Amino acid sequence: MAGQMRPSLDDPRVAIPADSSWYEPAPTPKTERQAEFLTLREGEMFVNMGPQHPSTHGVLRVIIKVNGEKVVDLDPVLGYLHRGVEKLCENADYHQAICYTDPLEYVSSLFCEAAPVAAFEKLMDVDVPRRAQYIRVLTMELNRIASHTLFQGWMALDLGGITPILWSFIERDEIVDMLAALTGQKLLYNYYRIGGVNGDLNHEFMSRLGTWMSRAAAQIDSNLALINENEIFVRRTRGLGVLDAKTALKMGVTGPNLRASGVPFDLRRDRPYLVYPELEFDVPTRDEGDSLARYLVRMDEIKQSIRIIDQVLHEMPDGPVMAKLPRLLRPRPGRAFGAVEGPRGVYGTYAISDGSDQPFRMRIHDPSFVHLQLVGPLTKGNLIADTMAVMASLDPVMGGVDK
Amino acid sequence: MDRRLALLLAETFGERLLTPVRQRYDETEIRIALADATDVLRVVHDDPALRFSMLIDLCGVDTGEEMHVVYHLSSSLSGDWLRIIVAGLDRTAPRIASATFLWPGAEWMERETYDMFGIIFEGNRDLRRIYMPDDYRSFPLRKDFYLADDASRSPAAGVRNMERVGTPADATAATLLRKSPGA
Amino acid sequence: MVWNRLTPAGRALAVLLPILAIGGAATTLLLATFGGVIVATIGANLPIVRFLAASVITFLISVPVAFLLIYMEMKIIALMNLRIGPDRIGPAGAVMSVVHGLKVLMKEDYTPPSVDVPVFTLAPVVVYLASFMTLLVIPFAPELTSMGFELGLLYFFAIGGLGVVGLMMAGWSSFNKYSLLGGIRAAAQAISYEIPLTLSVVGIVILTGTLSLPKIVAAQDGSFLDWFIFRQPLAAIIFFIAITAEANRTPFDNTEADQEIVAGFATEYSGMRFGFFFFAEYVNVFIVSALFSAVFLGGSNPPIHIDLHPQILVDLGALGIGLPLIAGLAPVVGTLLFAAPLWFASTRIKGWQALVGGFLIFGGLSTAAVGIWAFVMLPPVASLIWFLIKTFTLVFTFVWMRGTLPRARIDQLMGFAWKWLLPASLLNIFATAAAVLVAGR
């Protein structure tokens, strides 16, 4: 009977007998920082959120030290979705490795393919046909829009609004269906190949894309109007979790989160890959660095992506979509880092070849992992509800964080 | 690719580079010894001609003979990318100075590297396991850690000893599946 | 044995019929013997009997009201969300919420270890009691007020404020930090909003000179321009915001903000004890909407008085033997009358389908006719319908807000109550009092 009862440790009413086996043992701090976190001062308590909690994106667990409603400190606990993708890739050949990286970030999985493919192509000195490059840009931008519209709904949902998520799913559903017509899969596309893409554009994709493009801008504007002019939304996000440019650079932040702090760093422009240098687009930035700015930068990016898609459709050349390559790829020994600008930041893959048909080491860098570090510093001193707003505005996807 | 960057790096670091500066596509690569790591990182970060102020990635590599720590940096001055390979970490007790004094954001990447390779970053305030459970005892990305598929090729011949008990020092006795001195 | 060959329904009848027969006989005997005494006792203790009857009826109508509101919320928000919503059980899923109610009845009522059991058990009861007890003073129509006593408004605020005690009890006894945070949020929020809520109606009390809800409704007799929402607009705004917070509705649903504190005070509850919280929430929405329409929207008064003085006198007694004849014949004739055009309209409609259709059309039309007659001729029915129209418009507004708005943060919520609503309600009182002093009522 007594074995069933496990009152929490920090409850002042509970006197813990030293030799009792039926209480959780007090965690022994392993590091300086953990010891500091585990020390409770007067009036503070721990609140455990996740890995099953209505608001955390995926299976994230956050231990929050609160004083009343105020967040004093915060410690994210990762690893609930850890699959060891890097190790799996080292035991797969180069084509199989792309399949493993696909489910990393399930919201925008084309970018998780694009980064390793870019690295492998550098390792093997492959020239990708121009049509394949255009198709990659087109599908990546579509996936970026799909990801950002979903972010919009999530952000509103974490602030308590239930309708925007279903409205934003209109766009995402249409894009996902479109990509499914092209790639045969709705979530894990596995479309990019070393040296090109798997299959040319087909009729269903093009007709769906045309229909969608004709109404996309208006539809997205109406979705934006649902949220952007909402006083409660703006008041809850403006001035919350301000990240200045210097800290952002020091923390290794990339992508829209960095651009919302006023640093115009965008791989598509600063380290051009594929056909991006030939396309015309702006890099939207904002100076505020708060949650609202991070939200608005992403919304501006949707418009730029539509602009890029428009140009790509106009300039798409004819030709093959796959380079001539042997079945079994054995690149020369060497190292390469492939990076693409994803909807969350820089997706990187560092691949080392030792001359065999399997990568010797494959490192996957995911921006969500870096951004999740910021939740603690940005929410300290705010309220519990702000933790959700900040986390939503940083837009981490746990599949990418946990690899 | 920028030839000037290669010259500048060779000039700045001179003897400290273990191999000549390599450039391929848009990447520039230098290889330095463990003892110079902190110094070189500080110079590339602070030198007004280099200004590699963004840490894009930090990772570990186990070549089978030694450990590497690899930094990928981006310059806020010219947009160049730099790869710094710190070579020569002892496989039995890999230790290196932390980069968190320059980039606080390296903290979690160092935790991850510690979790996966057992590389200890001196100066990191929060160096504990990040993905694996706290009581986990081996380091999965080391080359002596076998996947289930490889278990039959392992020294224990088919016994699935994926998680081995002991310190990194014990692991060196085990056979490695792959080695790549040039990695 | 005969018993073994009976169907379940037959067995039920075999058990129930003797019980009904014996019970009926016993009741008749009792009434015949002590009837006079019972009637005399009831007559002598009329207030007590009235109170008991009102309480029982209020309790009984609170559950269907909750069912209706839950269904409304599910369906309306689904339509706003571009979803279909419930559509399987009943026409357009209308019985879905009843099934929800049965579901919570049948689920395991789990008491987690290390909770404070008596308080944990009592909390839902307190919450539900507090919410349906306030129904007692709602003036559905001048003739349909359960307890129209003089201090109705004060009673409403007093008993309505008790609900938060239940939420606190639930939050404290649950032995869960989310519950604790939810309970404390509920206490802070309810206490803060209780003050502007009560102060905002003081202006109306000054104008009417009474706290009795039927009298406040009577004071708004006339056209819609006499409603207090036009005479006390500031008070109406304050009151609306405050009741939103009191009923824990979006954007002020911080007590059970699922993205932050899972389910707040109700985190550890399951089964019917959770059901009580759930029902209380929706009964609360109905009650605050009813109160708003009574105090600000003229209650049971129609917006415009159309004095038709219609004389649709149906003297049923005068028909004599014709009454049962008509009552028996009318459905048959009516059904045939409406079935005939259906049957002739298309060869694809079979005879029985035409008959069913005719019966439905006739039933609908006669119900509508009776309804219109009742609306025109019976003042309580007309009043009740006006009252319900206003109330459900407000209920719809609450559902609409839930579908549209995100949640306000707890500190913004509290700051809003103390920094804006309280001064505004005080200003309203002073302005009203000054106007009354200068110009008279």
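Letters A, B and C mark the chains as written, and numbering starts fresh at 1 in each.
The rule is simple: contacts are C-beta pairs under 8 Å (C-beta built on N, C-alpha and C of every residue); 3 or more make two chains touch, one makes a residue touch a chain.
Computed from a prediction, not measured in an experiment: that's the story for all the values here.
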Chains touching both subunit B and subunit C, listed by label: A
Distance-maximising chain from subunit C - centres being C-alpha averages: B
Chain occupying the most central position, where position means C-alpha average: A
Mean-CA-position distance for subunit C and subunit B (Å): 67
Whole-Å separation of chain centres (CA-atom averages), subunit A against subunit B: 24
CA centroid of subunit A to CA centroid of subunit C, Å: 47
Subunit A: positions in contact with at least two other chains: none
Subunit B partner contacts - residues on subunit A that touch it in the complex: 30-34, 78-79, 82, 84, 86-88, 90-91, 122, 249-254, 265, 270-271, 333-337, 339, 346, 348, 350, 352, 354, 356, 360-361, 363, 365, 369-370, 372-373, 402-403
Residues of subunit C defined as touching subunit A within the complex: 77, 80-83, 113-114, 175, 177-178, 181, 185, 250-251, 253-254, 257-262, 402-412
Subunit A to subunit C touching residues, read off their complex: 4-8, 45-48, 53-55, 69, 156-163, 166-167, 170, 230, 232-233, 235-236, 383-388
Subunit B residues touching subunit A - in the complex, by the definition given at the top: 24-27, 29, 53-57, 59, 61-62, 70, 72, 74, 76, 79, 81, 83, 102-109, 112, 116, 125-134, 140-141, 145, 147, 149-150, 178, 180, 182-183
